[in-house]
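Presented sequentially are two complexes of chain A, the first with chain B as partner and the second with chain C.
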Partner chain A sequence: MVSFIAGLLDATVQAATVLLLAGMGELISERAGVLNLGVEGMMLVGALGGFITTVVTGSHWLGFGVGILLGMVLALVHAFLCITLKSNQVISGVMLTLLGTGLTTFFGSGWVEESISGFPQMTFPLVGQYLVGIPVIGEAFFRSTATDYLALGLLVVVWYFLYHSNLGLEMIAVGEDPEMADTMGVSVFRLRYLAVLIGGGFAGAAGAHLSLAFSQLWVPGMTAGRGWIAVALVIFAQWRPRRMLVGAYLFGLLDALRIRSQSISLTLGPDAPLAGVINPMVEFLMTPQIMGTYPYLATIIVLAYAVIRTKSDQLAVPSALLQSYSRETD
Partner chain B sequence: MNVAVTVDAREDSPAWLAYGTPVFTVLAALAVSAIALVVLDVNPVAAYRTMFVETLVTEFGISETLTKAIPLILTGLAVYLPLKAGLFNIGAEGQLVAGALAGTWIGLNVSLPGLALVPLMFVAAAVAGGIWAGIPAYLRAKWDVNEIITSLLLTFVALEIQSYLLRGPMQGGAGNFPQSDRFSEAATIPELFGGVHAGLLAAVCMVIATYVLMTKTRLGFEITFVGSNDEAAQQAGMSKFYVYLLVFVVGGAFAAMGGISEIAGAQGRYRAGFEPGYGFTAIPIALLGRNSAFKVMLAGLFFAVLFVGGSSMEVAFGVPAALVEIIQALVILFLITAEFFKSYRVGIDLKRGPAETPAQPQRGDD
Partner chain C sequence: MSEDTTLRMEGILKEFPGVVANDHVDLSVERGEIHGLLGENGAGKSTLMKILYGLYSQDDGDIYLDGERLDLGSPQDAIDAGIGMVHQHFMLIPRLTVAENVVLGEREPATAFRSDAADSWLPAAIRNNSLVQSLAGQFSLGLDVPEQRIQDLADQYGFDIDVSAKIWELDVGQQQRVEILKALYRDVDLLILDEPTAVLTPTEAERLFDSLERLTDEGLSIIFITHKLTEVDAIVDRVTVLREGQNVGTAEVSSVSRADLAEMMVGREVLFEIDREAVDLGEPVLRARGVEATDNRNIEALSGIDLTVRQGEIVGIAGVSGNGQKELAEVMAGIRDVTAGELVVNGEDITGAKPKTFVDSGVSFVPEDRLQYGCAEDLSVMHNATMKDFRDSRFGDRPFLDYGELREYAETLVEEFDVRGVSDVTETKAGDLSGGNLQKLILAREIYRDPDLLIANQPTRGVDVGAIEFIRETLLEQRKAGTGIILLSEDLDEIFDLSDRILVVYEGEFVYETTPAEADRERIGLEMTGGGDDEGQMETSPPPSGVTQGSES
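On to the complex of A and B.
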């Protein structure tokens, strides 16, 4: 039982990192008012670019950097279309996911056989070697890849950046009321560009983490919908970094449970009252595919609940999300 | 020297832009995708020749194209109709899957003569697709919950349920593949001509019905009115709630019919992954054909040529068919780029010395 829980926690941490990285990028982009539905495509581009670079150069850190860069390149297209050309953010995002999927399937089919030495498992710097011995949680939290630690560190940075730095607060202002921000002398266009590019970089990092640390191989379409879950996660977290930490671990736990659900038995004994009704129901709810719907359903419920329960002026959703900004020139 | 880029809104866009844009965007997308072909050492001219010419001159190619066009046209309508009311249905994929599952269940478990069974499968599919689309529609119409997010997320729920059913209760056939049993003769959509099944009739009928609805009826006028100004429409006594619900539910039913006709007409059984994301391709289709239901049909045919041509190219040149996805995405990315130039006039002034009116905002470096 203890080893089962330890394994479950370990898988949770691993699954959560991908969602955290991609989710943080999406959070920053949406906070500045730009919805990015291209995350899945940007992750794939980052995953393949990082993988190829690592195969060719042998350096996984260089691969990680290239992954980030490629995510930003795709995000630049999104930024140009949505901010400069004021195009529809939904269309641009969905098409960039399609483009990223197409490009990586097209050019990535030859790299499936390759193997790399990606990010190794390591104990947390300095204190990890003492803490890794803690029963149950030690291995999960203090023996991971460098990118797992990086993601958690970046979450603190993102939180501080958004709420305690001028640039971050200006970014939030741009997402809430671009006209007001413009009047106050904040460059709406520049900050939105910056936010979308940071978002793309995070998505690329999430993809590179996936191919260089998580699975250490490349398969076309290997993100398997994690980009969409990251989009859901931001809504689930109501656009708040701290809640996103909780949400990422919750969704990560679901993912970890889902793979192991066959080995969990939660059924009641045959003599228990209502066992005939409850057992098949529990069994159904624990099917891997049915468990796969929970993050999406939970997000829809959270979104609907938040919208219905809250007055619109208190809602956490950035007020200017999906709205392109143009200055009145006359 | 000072370069000032000015952007002014156009009063109305010139006619040549309106007609030239779709053609230009397709050509531009093909030209850029040619780079990908060159990188893989394939002659783009020969590849495009296989892709388009051979698809359009052989009997097999035409029949395949018409068959593929059926679900594409129907899902295209599923995005087109809500778009007219100002709503974005990006969950046509989920509605297609929900409908296809319900229709398949009827086809496998109800025994009736073919004349009654196939229509019943369509009705079951339409109901399921309508319900699946009804959830985001109701949330939007009643409480203003963003329909883009909810319809998108429900797509992934539908895909998981599909995977569950095809590995569990609906799994059939030899081996342990995620697929259903084969349909009986009665549950199969009959052939119309030359290998094209009668689902084509359904698709064309729905195009005509949508066209009539949008151009000849009061309801169509209300949909357009709500789409262009929902507040004014409500002041004029129209029900936004009703219009929102209607366009989405009918759209979902369209997508569902596309799903069941592909399975009962072309596939013969429900296979997981039976379709390469028609519900997402529906978004470019609806955008290209956004002016009229008949243009949706044309756009659907065009994307069908792309899909069929893409697989013949894969066979002939060993090039991944994923090129089709790249072309699709580029067509739309160029289209929305062109939209900008359709509605704004961009002028570039080359001036010597400092700009004469420094107060004028410069947009070039935004």
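On to the complex of A and C.
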């Protein structure tokens, strides 16, 4: 049982990192008012680009960097369409996800057989070697890949950036009321580009982490909907970095449970009362496909709760999300 | 041009597709004065000021500030030049604090990195390095010093503002003072205020005027955009009048009369006398008995209303805002359900029927909130003009619509009701029209279908002198044509000028009935506030006497 929980926690951390990285990117982009539904595509591009680079050069750090870069390239397309051309953010995002999926399926077909030596498991710098011995959680939290630690570090950076820097304040302003920001001399155009590019970089990093640290191989469509979960995670977190940490680990746990669901038996003994009713229900709820919907269900519940609890003008969603801006059209 | 001239705008031209918003406008402002910019809605005042603030770029013309030619590519350029603007719709982010709103864009670094910090642990050599300053300005944010400065400014001008409060916690008057603080924080020399009193109560407006006078005492120059003549009298030193994008003259306020200004604004003599002929009353078009209804929070708003309106009669309903007028209008228009009582329109009991039944029975409605309920902002003028009647057979056989007919109908309405700012009825969005013109469009839609009963809630609120006159005349014409009209207004003059009968509503009940001829204003005032018990303060807007003073003829 202990080893099962330890293994589960380990998988949770791994899965959470993917969501955390992609979610932070989405959060920054949305706080600036641009919805990015292309995360899934950007993750795939980052995953494949990072994988190929690592195969060719042997350096997983170089691969990680290329993954970030490719995510940003795709994000640049999104930024150009949505900010410069003011086209519909939803359409552009979905299109980019389809594009990323198509491109990586085509160009990645020859790389499925390849193997790499990706990010190794390592103890947390300095203190990790002592803490790793803690029962149950030690291995999970203090022996991980460098990217797992990096993601947590970046969360602090993102939080600080948004709430304690001028650029962050300006980015929030641009996402709340671009016209107001413009009248204060803030360049809406530049900040939104910056936010979308950062968002793409994070999505690319999430993809690269997936192929270089999480699974250490390339499979077409390997993101398996995690990009969409990242979008849901931002809503779940109500656009706040700190809540995103909780959400990422919760969703990560659900993901880890889903993969292991076949080996878990929560059914009652045949003699237990109501076993005939409860057991089929539990089995149904533990079906991997059904478990895959839990993050979305959780998001719906959080969203409904937030709407009911708060007045609409206090909702956490950036007021100018999905709105394009230009000066002389009002 | 005198030596004290601070701002000169020369030959400003700005064209939008199909409309010349500013047609070679000149404007000059003296140092330390409050300069009024007066004009009807859509006269080009806001456009001119947006050019001055760098939000729009002019197609032709030059701007000089203190003799220097300005090239304003963005608001940042205007801010750098010392120009600040308080917009008509507040430019504040509700979720952020006062201080965050004020310093936005100023790149205030963390206190330790400030070049003027007294006791920073960082050596001055590092702090003053331009790269360090730029990085600190982007990646850090220090609010302590700015908050102190904002507080000092607020104290200096007598603003009661908590700098760390969130904007949504403040009332409208406070929010406006934050807007002014935004400009003061940037050390502006010239402050533009775009219709600043539109959102304020009379008391708050008084406070604003006091503050503005203090600002000019400190040497600031102020441009005050308005379409209210009373405000020009109250606060402005010199006034420039715009009409249809052109400057029609600048004058010392002390040397012109209101009538002159009104004529300059509208381009013709404004009728101060309303011609209200006697009309024979016909059959009752509306008979309401014992009507009760609740408001949006489910609290009783109407408690037993009896009301009969006859053909050719205007029933004016006076009352302090929030005594059930909104619910009364909505119930009569069929868009709010009654909880008790009955409504009979043209002899037919349609209590509880759908809004469409009311429409089909000949009920027309001009709602209080033009943008939210009066129109579909993002749809074209044509769609809005035909919204109530598109089912009519003259617009084609269902399910198909004859767009040619719709278009023609909309164009007729625009023409006959003098709706300005429409370049193409199918292209121009209703939400892009100015307040007065949108109101004319709504009135056109409601009246052109020849209603038997018209409910007009605050039909002239927030519209300019020319449109007010037009709307009142239209209502009287409609009365002559035999329509029964319910007029709800907070403007007592309007009620007196137009009504055949006056009812005072207080806490959801009619408490007093009279006619303009025998009415006593003081009595009405008392009844409006609860029979002289003097519980609530009566909040009537200062009567625009002299401009809209009407009389019985």
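The working rule: the second predicted complex is superposed on the first by the 321 of 330 C-alpha atoms of A that agree within 3 Å, B and C clash if a C-alpha of one lies under 4 Å from a C-alpha of the other, contacts with A are read in each partner's own complex, and residues count from 1 in each chain.
We adopt the following convention: contacts are C-beta pairs under 8 Å (C-beta built on N, C-alpha and C of every residue); 3 or more make two chains touch, one makes a residue touch a chain.
Quick caveat: nothing in here was measured; it's all calculated off a predicted structure.
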{"item": "First (chain B), second (chain C), both or neither touched by A:Phe64", "value": "neither"}
{"item": "Partner chain(s) touched by A:Met184 [first = chain B, second = chain C, both, neither]", "value": "second"}
{"item": "Which superposed partner A:Thr293 touches (first chain B, second chain C, both, neither)", "value": "first"}
{"item": "First, second, both or neither for A:Gly225, with chain B first and chain C second", "value": "first"}
{"item": "Which superposed partner A:Phe51 touches (first chain B, second chain C, both, neither)", "value": "neither"}
{"item": "First, second, both or neither for A:Ser87, with chain B first and chain C second", "value": "first"}
{"item": "More chain A residues in contact [chain B versus chain C]", "value": "B"}
{"item": "Contacts of A:Arg327 with chain B and chain C, given as first, second, both or neither", "value": "both"}
{"item": "First (chain B), second (chain C), both or neither touched by A:Leu303", "value": "first"}
{"item": "On chain A, positions contacted by chain B and by chain C", "value": "327"}
{"item": "Of chain A, residues touching chain C in the complex", "value": "161, 164-170, 172-173, 176-177, 179-186, 313-314, 319, 327-328"}
{"item": "Chain A contact footprint on chain B (complex, rising order)", "value": "8, 36, 39-40, 88, 90, 139, 143-146, 148-150, 152-154, 156-157, 160-161, 163-164, 167-168, 280, 283-284, 287, 319-320, 322-326, 328-330, 332-333, 336-337, 339-340, 360-361, 366"}
{"item": "In the complex with chain A, residue positions of chain C that touch it", "value": "16, 53, 55-56, 74-76, 79, 85, 87, 91-96, 100, 103-105, 107-109, 137-141, 168, 182"}
{"item": "Residues of chain A touching chain B in the complex", "value": "37, 77, 81, 83-88, 90-92, 94-96, 98-99, 101-103, 105-107, 109, 189-190, 220, 225, 228, 231-232, 235, 287, 289-290, 292-293, 296-297, 299-300, 303-304, 307-308, 312, 327, 329"}
